[in-house]
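Two complexes are shown next, each including chain A; its partner changes from chain B in the first to chain C in the second.
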Partner chain A sequence: MMLRVIGIRLLGMATVLLAVSALVFAFGALIPGDLTSVIVGQEGATEEQFEEVRRKLGLDKPLVVQYFFWLTNALQGDFGTSPITGRTVAADLLQQIPVSLELALLTLLVSTLIGLPAGIVAAVHANKRLDILIRTSLLVTFSVPIFVIGILLLLVGSRWAPDLFRVSFTPWAEDPMMHIRSMAMPLLTIAFPITAMTMQMTRGAMLEVLHSHYVVTARAVGVREKRIEYLHALRNALPPIVTFIGFQLGILLGGLIVVEQIFSLPGLGRGMLEAINTRDYPMVSATTLVFATAFVIINALVDMLYPLLDPRQRGR
Partner chain B sequence: MTVSPDTQMPGHRLGRPMLLDQLLRHKGGAFGLAIMLLFIFLAAFGRFVAPYDPNANDYVSLLSSPSASHWFGTDELGRDTLSRVIDGSRIAVAVAFLSVSIAMAVGVVIGVVSGYFGGYVDAVLNRSQDVLFAFPTLLLAIILVAVLGPGLFNASLAIAIVYSPRFARMARASALSIKSSEFLDAARLAGVSTPVILIRHILPNVLPPVIVLAALSMSTAQLAYASLSFLGLGVSPPQADWGSMLSKGRDFITIAPWLVIWPTVALVLLMLAFNVLGDAIRDVLDPNHSSIGKNPDTLL
Partner chain C sequence: MNNRPVLRVENLTTRFHTGQGAVTAVDGVSFEVAPGETLGLVGESGSGKSVTAMSVLGLVPKPGRIVRGAIELNGSDMLTLRNEELRRRRGKECGMVFQNPMTALNPSFSVGWQMREAITAHDKRSDVDTRIHRALADVGMPDPQRQAASFPHQMSGGMRQRVVIAMGMINDPQLLIADEPTTALDVTIQAQVLSLMKTLTREHGTALLLITHNMGVVANMCDRVAVMYAGEIVEEAPVDELFASSRHPYTRGLLRSIPNPDRPRQKTPTLPGSPPNMAQLPTGCRFRPRCVFADSRCDAHPDLLAVADRHKARCWKTQNGELLTETKSLTETTDAN
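Moving on to the complex of A and B:
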């Protein structure tokens, strides 16, 4: 039964991914200009040279055929060669993905470690001073875009923490200490709003559960308050909180693009923006595809996690 | 909050004066409205209020700190920051209204058609929106701007495309829920044509929740644009624009912090106003809303 549900979900995911890849390809084809003019250059190129390059790249074939070749190559990890850098796109991706992935995972870790307990505390003390303080700061945080948080941190950092300010990105393998220092500000910037969201969601889910009949019953029969809060209630508040990770993920991925740009981190988001600016078509399509695929797959995983956390959902 | 009993009816049509009246009595509503009107005023008449031409270079006072002649200081080309912040409100206000209006119009049409006709049309429209939902919102906006090209209208259009499925879902749900109600059966029996039913009978019932969503979307739309502009995908220089001012000001953050502080203040103030006003409009139009999971998917 369980396997069948998972099978259906996987099939659905594959369909969405196929549609997403088609859209990504279409976007790439719709961006003004084309690869040929980038490679050949504007000056002194004859019509024959253009045709030659177009044939070589397969751009003379119908779009559907181009899409098919692009997708089958992409599935084998071949995204073509960048006309701008001359390197293969896959090689660049292999450099960029670990940077973004590290930042994303660290953010999730930090936001869960801080946001979850803070949300529980806020729910337990609902409408008391502590809760109101937390919620007011949340309202302010939600009103501040990530790049503003980054700018403000830079502003503060330039005055009070010059060690962390303007440290250019250093890979872990090169110098672990410098690596940590170069990641500190970006992590702080992106973890801020994500933690606030985790906290808000946890508070909401906990409040709902804390008012349910079985918690009232547990209280009535004399189960200790702490045990109710952290065992009974939290266990049942988890499914909506986990679902929320799906929402967060979109914000997290968008946040990566912004944060990498602010702090000049050589990640996937910065790679994408650079590619858009230099009209590096294979790179634009590849980075977009990686982002969208990660988004779809993780959302699907969260969906599949749901029945594990909520027994009522099993066997449906 | 005081709400007269008749507004509690779902789908009730609120007269405009009454909505305004209730908003003004709502604590946040009055505040949000006041700030928003201030920015709309600056957007419309900023050219007359601003002390300097926002794009005029002054090579005598480059990066000068705030003073009596330049309240908010000047930038690396000697342009007056106050005048540029005021001029930037034109873009911010325009994008917020433009993108949300387009998203609402497109979303409502798709949603109503989808919900009312159902079947094959509904399935196709739903699946195509699912594909849009499969992209992180900012990523989709970025790639759409790359396709459409930069500029005020194209950026608004990109944001509208990103947001329209939300409006479509909401309109679809409302249309679906009243599709089989008796007054529609009566209208159909009386021989009212389908377009008239859609416009005269379905639309008015679909609008209240959609208006709430539109109000709540204003701040995220403005924020989305600011992010695009910060990433270099907004209006072209030298047009003053808060996002690009921030991105440029970052290079001078140690020597001229006022270049990032004032655009930030303006940006956050307008967003806060949109947020508070959106909450107020929701409180007035939909008093029984749930506070959990409120507006979770912002664009950053």
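Moving on to the complex of A and C:
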């Protein structure tokens, strides 16, 4: 039974990813100009040279056939070679993915560790001084765009705390201490808005639960107020909060592009932006596919967590 | 047994401060519940009976506040207690059964877990499991061990209400408050749940404050009745006396509105009009706009006065012992079918 559920789930994920890959490929083909113009150059090349390059790249074949070759190669981890850098796309991705993944997971960890308790406390003290303090301080940071926070931090950090932050990226393997220092500022930048969102979501979910009838029942049988808030109520507020944190990872992926650009982190987001600027088609398609895969996997994980959190979702 | 009442409510006034101004949902309500007695609190929706019940345990929802009066549970004044002392009395000296069993239980925890919470909130003895199983068996649940492990969503409404009753009774309180305990249930289950509550409270000698709008339920369950209208008690009497000779036109109207199952084709009378807007109460007698007996005396607000032995009514017409004479039609008739 469980295996069947997982099987259906995986099949669904595969279908979504297949559709995404087709879309990514189609967009690449729709954009005017193709790889040949990037490789051969815009001017001074003869029509024969174009044809020659097209044939070599397989671009003279029908689109469906091209897609089939691209997909089968991609499934084996071969996304082709970048005409710009000359390196294989896969090699670049392997360099970039860990950087972005580390930043994303750290952000999620930090924002949950701060946002979740803050949201609970805010809900419990709804409309009292503590709630207003938490909400204004977090929501002010939320309303400032990431790139403004980033640049401000960069200015302030490099000016008053140059020992704390390091602007150029250093891999962990090279120097762990330096690595932490180089990740600190990007992490802070992106953690601000995400923490505010987690707090707000947690507060809303908790408030709703705190107004439900079973909370009154628990009070009426004499359960202690703290226990009602942090056990009876929180347990019921968790499913929507967890779903939301999952979705945040998706939002984070977009935020990475900006943050990595500001702090020159060699991650997926920065790689993608560069690839778009240089019309590095193989790179753009591959990165898009990586983002989509990450999104699909996160959603599947959240869905699988649901039965653990909510007994009503479990099979009988 | 001593004669001190389990619950004594005196001049209770509970007010809700809303954006449009204050609404006094409960206005100077006084009553007593003797040990082992069942008192019915009857009235239409919005008459203040639920707010009265919630006031007793200090559970009035915001923005409601008890502004006046006294509530004595087993002799201690609930309104002067500190939070922790109040908590210790909830569920221990007074249990509560709610209207809707579909929302009264926590969906994330097993039934047994929730009953354990109700016990351990007051004492941490080791025989908790035995007590849970016995309580579930007492409310007629087959296979208590298995039921304790199941979740609310796996049970029917009637079963859930049995669990809620078991939770209310699990600490053997002296008083059980039941707020419309059968309103949300199927008609076929209602009788079962009521007779269960009757048996349980009899066996344990528990006093019962039964809140309902159903006069049939009152006749079956209660020793005494207090009728509420627009936040006030308008009549209070032993149940037989009330059914035999009610002294308030509102009560009389309610009693006439009970459908007669022996004559299903007969038209059932209904009370004309609707309860007043609690934010804009009529001056004088609050029932006056709907009352066929009303005259110039009713411009002044009547007090709740004794009209016979153990019988009080809030009506100028009957306050000197006079009976309501049936010369006029109290109610209008509509087709029951």
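As a working rule, the second predicted complex is superposed on the first by the 296 of 316 C-alpha atoms of A that agree within 3 Å, B and C clash if a C-alpha of one lies under 4 Å from a C-alpha of the other, contacts with A are read in each partner's own complex, and residues count from 1 in each chain.
Here is the rule we go by: a contact is a pair of C-beta atoms (placed from the backbone, for glycine too) under 8 Å apart; a residue touches a chain by one contact, two chains touch by 3 or more.
Bear in mind the structure is a predicted one, so any value in this text is a computation, not a measurement.
Annotation: superposed three-chain arrangement on chain A; chain B versus chain C shows no clash, the two fitting side by side.
Touch criterion not met for A:Phe50: it reaches neither chain B nor chain C. In the superposition on chain A, A:Val216 makes contact with chain C only, while chain B stays out of contact range.
Looking at the shared chain after the overlay, A:Leu249 reaches chain B, while chain C stays out of its contact range. Measured by the number of chain A residues touched, the leading partner among chain B and chain C is B. In the superposition on chain A, A:Trp172 makes contact with neither chain B nor chain C. Touch criterion not met for A:Tyr306: it reaches neither chain B nor chain C.
Between chain B and chain C, the minimal CA-CA distance in the chain A superposition rounds to 9 Å. Shared contact residues of chain A, touching chain B in one structure and chain C in the other, are absent.
Contact residues of chain A toward chain B in the complex are 16-17, 19-20, 23-24, 27, 30-32, 139, 142-148, 151-152, 154-155, 158, 193, 197, 201, 204-205, 207-208, 240, 244, 247, 249-251, 253-255, 257-258, 261-262, 272-273, 276-277, 284, 288, 291-292, 295-296, 299. Listing the residues of chain A that touch chain C in their complex gives 212-214, 216-225, 227, 232, 235-236, 310-312, 316.
Of all residues in chain C, only 57, 59, 61, 83, 87-92, 95-96, 98, 100, 103-110, 114, 117-118, 121-122, 151, 153-154, 164, 167-168, 170-171 touch chain A in the complex they form. Within the complex formed with chain A, the residues of chain B that make contact are 127, 130-131, 134-139, 142-144, 146-147, 149, 219, 223, 226-227, 230-233, 243, 246-247, 249-250, 253-254, 257, 260-261, 264, 267-268, 271-272, 275, 291-293, 296-300.
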